[in-house]
Amino acid sequence: MTVSALQEDVLAANLARPAYGLVTLTWGNASGIDRERGVVAIKPSGVAYPDLRAEDIVVLDLDGRPVGGGGRPSTDTPTHLALYRAFPEIGGIVHTHSTWATAWAQAGREIPVLGTTHADLCDGPIPLTRPLTRAQIDADYEGETATVLIEALAERGPEAVPCALVQGHAPFCWGASPAAAVANAVTLEEVARMALLTTLLRSDSPPLPDFLRQKHYLRKHGPGAYYGQK
Amino acid sequence: MTVSALQEDVLAANLARPAYGLVTLTWGNASGIDRERGVVAIKPSGVAYPDLRAEDIVVLDLDGRPVGGGGRPSTDTPTHLALYRAFPEIGGIVHTHSTWATAWAQAGREIPVLGTTHADLCDGPIPLTRPLTRAQIDADYEGETATVLIEALAERGPEAVPCALVQGHAPFCWGASPAAAVANAVTLEEVARMALLTTLLRSDSPPLPDFLRQKHYLRKHGPGAYYGQK
Amino acid sequence: MTVSALQEDVLAANLARPAYGLVTLTWGNASGIDRERGVVAIKPSGVAYPDLRAEDIVVLDLDGRPVGGGGRPSTDTPTHLALYRAFPEIGGIVHTHSTWATAWAQAGREIPVLGTTHADLCDGPIPLTRPLTRAQIDADYEGETATVLIEALAERGPEAVPCALVQGHAPFCWGASPAAAVANAVTLEEVARMALLTTLLRSDSPPLPDFLRQKHYLRKHGPGAYYGQK
Amino acid sequence: MTVSALQEDVLAANLARPAYGLVTLTWGNASGIDRERGVVAIKPSGVAYPDLRAEDIVVLDLDGRPVGGGGRPSTDTPTHLALYRAFPEIGGIVHTHSTWATAWAQAGREIPVLGTTHADLCDGPIPLTRPLTRAQIDADYEGETATVLIEALAERGPEAVPCALVQGHAPFCWGASPAAAVANAVTLEEVARMALLTTLLRSDSPPLPDFLRQKHYLRKHGPGAYYGQK
């Protein structure tokens, strides 16, 4: 099998994560989907980043049956597949244990909108999943992780909410492409860091007023967005 | 149009910001002005730093009419233009979302003068703008951001106060040139970090005594300054 | 004497520590053991990392008698030797003064299991040794440091607990090989950092529920582990 | 005048400070003394590190009269000269505004001995100078900075205490050579960072017991020291 453009994109997304300081060792994983061919490409499990090549990126169908790439896929593959099945608008998913976002996940707190950097990413708090029950963990841990993520997105959807914190675990981020998911992961980590430092300066910082939050979000993401090149 | 020295200076100021760790992805923007020609050069909106070339730097007149450079200017261009119109002594402006300074902006606190590193930059607290009203945001968000910055500088002026925090947003910094504005942005971030850490060690740290604050400021910036080469 | 593979492995483990930001200057030390030959290789004392070569790695028998390598071994050699004598399952040991783990050691607190990153490393808190007594310090400081480490591991053993904090001092980490010990040291530092930041967000964060902690540990380390390539 | 070995050593000490992350832009300064020739070499004022060459290092006699090197010496030169005059055992001095040590100086707190990393550097707290009076600042600011440093060292001396915090300002460090002063500055910053993080985990952490503090200090610095190569 020749290396596909999808594998190249997913390799680039995986390598961008240590380059941005979001992961170390073999942690985390990034994937992408080719909706036309119905295949998902994802990092192999437990491979160190310097050793990763495009042909190592595992290719699966949406039910997890291997289509290409030699290795065993990431242990978190069922989470990725369930998110792709639930949300046709998602083209790439990134999972990290990035330090500051993980601190919020471990503290069991959603991240409030304390500034415009956050509003540039997301029009509301970064949601926190409910805890997994023992039954969910025993039955299908990785699949049920997607279940609680999907619940957390139910109201606002994956375009308005480009990432969420799995309680006690770490963030998952997504976007229209693997590269867009990486950019959301980079932004989330910075937003998490700023929010934690803000909390140290003032434990009761009020969230941004609605009109400022929406202004920032919409100038970047709304129908009349004027950020970026046309 | 050939690439001007102004575009080269503004490119260098833009690239210095990620090099100093002040921004990531496409965030923030730097600009410069040629007062003789009456033109401002500024970063194009949403372009990633590794892709930025001098010919991409957008050139505008002081009312925002395009004079050169192919792209769409930064969304924050109206803020820069209004500051240049208000303060003839400013030659360069830098806007970042640098982490520690942004934490103070998000907490809604001006940065007190807790040590001589701060006094080397500025003879007083780093001011915080008042919040923008809903009417200001709806009417002309970026222009009104300049309005509250100009208000915050009214008393002390942009030479004594080389930067300010836009409440809930992030810092703007300025100087005699784009390079001077970058140096002020680097210093502000370090001052913000030291001040936050100081606050963690002692929540009621008193500000530096006036005579020490003024001594440090004046040995670097006063009429009898003796810092640097002649 | 020719340079052995053991010396090469121990050199690599020593150099990985500054590369991962775990040590600076000449701090810390890494060692490995060749159980067949009964020899331990360890960093020489007080040598700066850029100057370290494989032939400088000191080789000793398990009682500390020199077998090869020209210099004086690390001052912490008696700690390493006693751990190798006590635990035949250990193949490599790494000692750092990594910042965040050391903060927990200095605060005299074990690190609770606040998230799955921790559970991927260790099925329980990172233990803290009891303080050394004055008599222990006067008699054999480095040897008695191993004594309190061995006590801290008595119940769960060095495979379930890949690292521990020496109270008032810093962490020691181990593994099946020098490289595995380095990976544990990298993970410990990140776990310590996440745990401290979590504590700042919520001082009473409850530990991960047992079933989630065990699920994560066992999917990576248990008999039915499914993390990594086969 | 040819470039002396002293100028080369002082250049190396100056360049090591940004390399270790202790300073940015043109901040701080390092110097060295040739006791036989009675000359001090020091960084020129306000020169950026990438531009600094050995021939730029300014050479002065102990009263501050220029002996060589073209530029204006660091504004803090009178502090360095007074320390060299007071303490014949000092061969190099380094001044930084390193972040974490400066936070302690700004909070007006000496750094307590919370762990062995500190005890490896210094057999007691890192002292804090008393505040300078207005009269001292008006008369001879930089010279009087040395006065309060010398007072802070009066009891224990500059060999037992390799650095001190100038209140509201930042650390000064020294050693037998410029390189030794740099190593002390690197260690101080790490000690300051660990101590601040320890304080966040436990605000009332007790200092290390005397016997452990002394054991660590003496195994590295005492008459029977056994750290390092012979």
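Remarks
Labels A, B, C and D are assigned to the chains in the order they are written; within every chain, residues are numbered from 1.
Definition applied: a contact is a pair of C-beta atoms (placed from the backbone, for glycine too) under 8 Å apart; a residue touches a chain by one contact, two chains touch by 3 or more.
Just so it is clear, the structure is predicted and the values come from calculations on it, not from any experiment.
As for how the two copies chain B and chain D face one another, under half of their interface residue numbers coincide.
Set against the Cα centre of chain D, the chain with the most distant centre is A. The distance from the centre of chain B to the centre of chain C, each centre being the mean of the chain's C-alpha atoms, comes to 45 Å. For the pair chain A and chain B, the distance between mean C-alpha positions equals 32 Å. The residues of chain C that reach two or more other chains are 200, listed in rising order.
Remark: the chains found to touch one another pair up as A-B, A-C, B-D, C-D. For chain A in complex with chain C, the touching residues are 24-27, 44-47, 71-72, 75, 97, 99-100, 102-109, 131-132, 134, 137-138, 141, 168-170, 196, 199-200.
Looking at the complex, you find that chain D touches chain C at residues 20, 114-117, 183, 186-187, 190, 193-195, 197-198, 200-202, 205, 208-209, 211-212, 215, 219, 226-230.
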